[in-house]
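What follows is a pair of complexes built around chain A, which joins chain B in one and chain C in the other.
Coming up: the complex of A and B.
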């Protein structure tokens, strides 16, 4: 069965400047994080995927339709783009009502749906305020409301968290999670990796307009075989644990932390080492307070993938 | 197979028919125009247009009651005859009103969207670029038809009623079609020119300046070329002349009936080709300018 959104060998150039090149991805229901530094091509990819930009090469299909040819498919697509595209003289409620009228909803129904969307975005109290008087964070939330107001099946969110306060961010991420749980295709772009990390394990990584990686972050991490996996363990006796582990040939490197009772282990066979660790802990009664994988996350994977490719820090 | 929590349902109601969706844009803009700061000058223009119609209404009334006026000793007034050309006369002063309405209503239609990055807002909806433009053109057409087709057709109806009997209607039954067609031509010309200007800039006022420059400039050019080549056919380069000539043709005014037609150095179809060319060129430019995303290279 075809995925709801398919991009097949898509390329977009701005004159001689490459926006994206050779991107082939299939977007399935659930949340997908679109990651990359500034200028990586995230916004271009989203605009091409939504049909707002015409690709120079390749094919885009949403539910099997080319959005540039069959505009009816936009009834099932919501897009929160990176710039502001509002009429400042309108209130948030009027803006969303107008937008929903353009989707084909009757006025009374559009009004009701606009109210519901504003409530979801936490803008009920500001519904009748002019958009021109909204703060940056409120405008971001209005953009989110605009993207979801018509109950789309596919939602593209381009840097939706920019300008939001921590409460707004939390609320937005919670909304995004709910949409993913509801079976919608949600693509969220961001360069704040830890926020995406907390949201989904399914990612698309871009750098310089090219696809670096796509899929489950842990599977991607496992594929980076040239970089050993790190395991961080906090325990009362880190030196004792180290002396026990150093004898194992699966351990590539071990380092006792200076400022806290902890060890950092590097291995190319994490699954095997985890099994051995469990056995040692059980047999020798070693007490472990914390165990984490510091490089099995989006940031670490991104750093590994972009080493030497980008000078820009995330 | 993942299991998803389905806590939402798509709306099952019937959407606005696709072929009518552009009217949402037209209605929105008309409402905004009457709600905004520009409503007073707009109302004043519409009122001025109404006064012009009252004058023509009076002409028809006087002609219908001429015998009565002569009976009470009033001198015979020098009024234009009520024939097909008579119904073209209101278009001359209304043409000026149309120009002002075009500047007032049309200059910001696309420029404001470009300034606010709002074109993507429309084109990420189930709307094509053509429907977007149709919606914008509809705003201008509404006002232009409101000061041309509607009142002039009412004048025709008034004349039919005042004439007594069906003689006038039988002789000029096609006039309502001509009035409507000519009004649509004016709406198409004004709409395409102002939308072109509006699509080129991001400030409505600038679009207005461009249109004024276009109308003044090309008339001056027509005059200069006419002098250089000593040819009155150069008047064909003036859109106002073309529109007037086209009007005479659409209203079926012949050279025998009108001195104006006799003095026109080019025919109605010639004028129609020029007008069509202007509309097509302007439309092509607008079409190229309507992009959901502005690419800065």
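Coming up: the complex of A and C.
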């Protein structure tokens, strides 16, 4: 067990409610995606890994140290957690400067490092603004800056993209990719499959506090080959679109929504269908106002996998 | 596995090498952060107003005596200062309110504002967090109390009608009493703040327990003829004043008093013990 981060048979209970149970993973340098629907235990796992929670069973080691016992390990660990508490009266720059001074850095050095971190997070213009006046997305970026300001080797990110605007999301994903390429251990949690898909092939899937799957994302995708992918489309003429799409054999099921001008499509070949949709729109002038893959689809994926596992064991 | 990734936790090259210097730098940072937050918080202004309240009496007297010559003279300054201001208002009310408001908040403020996580995720020994926040709170609460006490002292002398009475404001004997009283309050604050930080960290609804302790245990037990009074902060504090205060007169009935040195030692040891209990709480604390 020489990996930088080791969780060995870790369990965490909140009274009689199970947070996570029997989790054993080794986190190597590079980006690891932590996937699971809401309530799967992702945040609990990250908090146990970073020492904010004490496991009821099992062992956590970061560079061989237990973070609950040896606080020096935080010199090499950064955590962008799910909390929203800040010292609202401080500016972003002052907050990060104090955080770095808590490491022992002299004020001038801490200020310089804080400026660099804010620049990395795209908050240079808001550096002297009170945190209380920050938007949700800006606070999220500040948390990122806080996690990386001291240049850690291990970075845990708990749903870092939540509340971010598209530019912030792009910037964050780019940063995560760079850290992973630089050989740092980066763990990023999300309940949205495609966010992780774009970042890494190495994933950990949790469901109901248990390890559901671990390894290459393509292997998990194979498990999903029999599970239909959902596409939700809003357009002025949903009946016209559905009559056009129903002719395509790649469409497994199509349903016109009753309460709004929209259709919900199920397909086993999403990539092919997306191409076809683009062609239809371009060639036949069909107007589409919104196209998305419903978020609860991820929940369905996990339900499907969990069900599959249950059936296998029966 | 890349062997380079598993290496001992090293202090960055531009950080102080010696542990003592590093811990002092961290302590300064916690102290600075806590002070800055406290100095810009609403609590400071509310308690500053509370500290000004006792000054209303001499101020009203000054105004009334300017308006009418039938207003009776203000009581002799030092007697009023010792018996009313110090023994009653500050010792029995303001000291408790200040200690409760600031002491309970030493850890629980960080918990309630969900900012404790920012401290716990840094390479800070838990005792540095507790000590840094305690020292900052002690200094601010102490200065608030001492400033308010000094203001009262000045206004009481200003309310004296006798010609030239105000010159006694600067007499060595009176200033010595003011200074020693302020020091005793400062010491009492240390014990109370440490105790309430412990209560705030360990107990849910710490404010209720704090009120019960102040206005139950500390108010009643010193008057009872039992050795339980040794376990009150008030008993030690009363002994330290350079003049008799109201409760101390009761002590003399039972004839039990520790030496001043023993009282100082007991207060400091109690403060250290309660801070240690707060550190233990912080070590065990989880952030959900």
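We take it that the second predicted complex is superposed on the first by the 218 of 314 C-alpha atoms of A that agree within 3 Å, B and C clash if a C-alpha of one lies under 4 Å from a C-alpha of the other, contacts with A are read in each partner's own complex, and residues count from 1 in each chain.
In this section, a contact is a pair of C-beta atoms (placed from the backbone, for glycine too) under 8 Å apart; a residue touches a chain by one contact, two chains touch by 3 or more.
Keep in mind it's a predicted model, so treat the numbers as computed, not measured.
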Fit or clash - chain C, chain B, common chain A: clash
Partner chain(s) touched by A:30 [first = chain B, second = chain C, both, neither]: first
Contacts of A:185 with chain B and chain C, given as first, second, both or neither: second
Chain B versus chain C as contact partner of A:119, first or second or both or neither: neither
Touched partner set for A:216, first chain B, second chain C, both or neither: neither
Partner chain in contact with A:257 - chain B first, chain C second, else both or neither: neither
Partner chain(s) touched by A:14 [first = chain B, second = chain C, both, neither]: both
Interface residues of chain A shared between complexes with chain B and chain C: 14, 29, 47, 50-53, 71-75, 77, 79, 81, 83-87, 89, 98-99, 101-106, 109, 153, 183
Touching residues on chain A, where the partner in the complex is chain B: 14-15, 17, 29-30, 47, 50-53, 71-75, 77, 79, 81, 83-89, 98-99, 101-106, 109, 113, 150-151, 153, 178, 181-183
Residue ranges of chain A touching chain C (in the complex, touch as defined): 2-4, 14, 28-29, 47, 50-54, 63-65, 70-77, 79, 81, 83-87, 89-90, 94, 98-99, 101-106, 109, 146, 153, 183, 185
Residue numbers on chain B that touch chain A, as the complex places them: 2, 4-11, 13, 15-16, 18, 21, 24-25, 28, 32, 36, 116-128, 292-293, 295-297
Residues of chain C defined as touching chain A within the complex: 1-2, 5-12, 14-16, 22, 25-26, 28-30, 32-33, 36-37, 40-41, 113-126, 284, 286-288
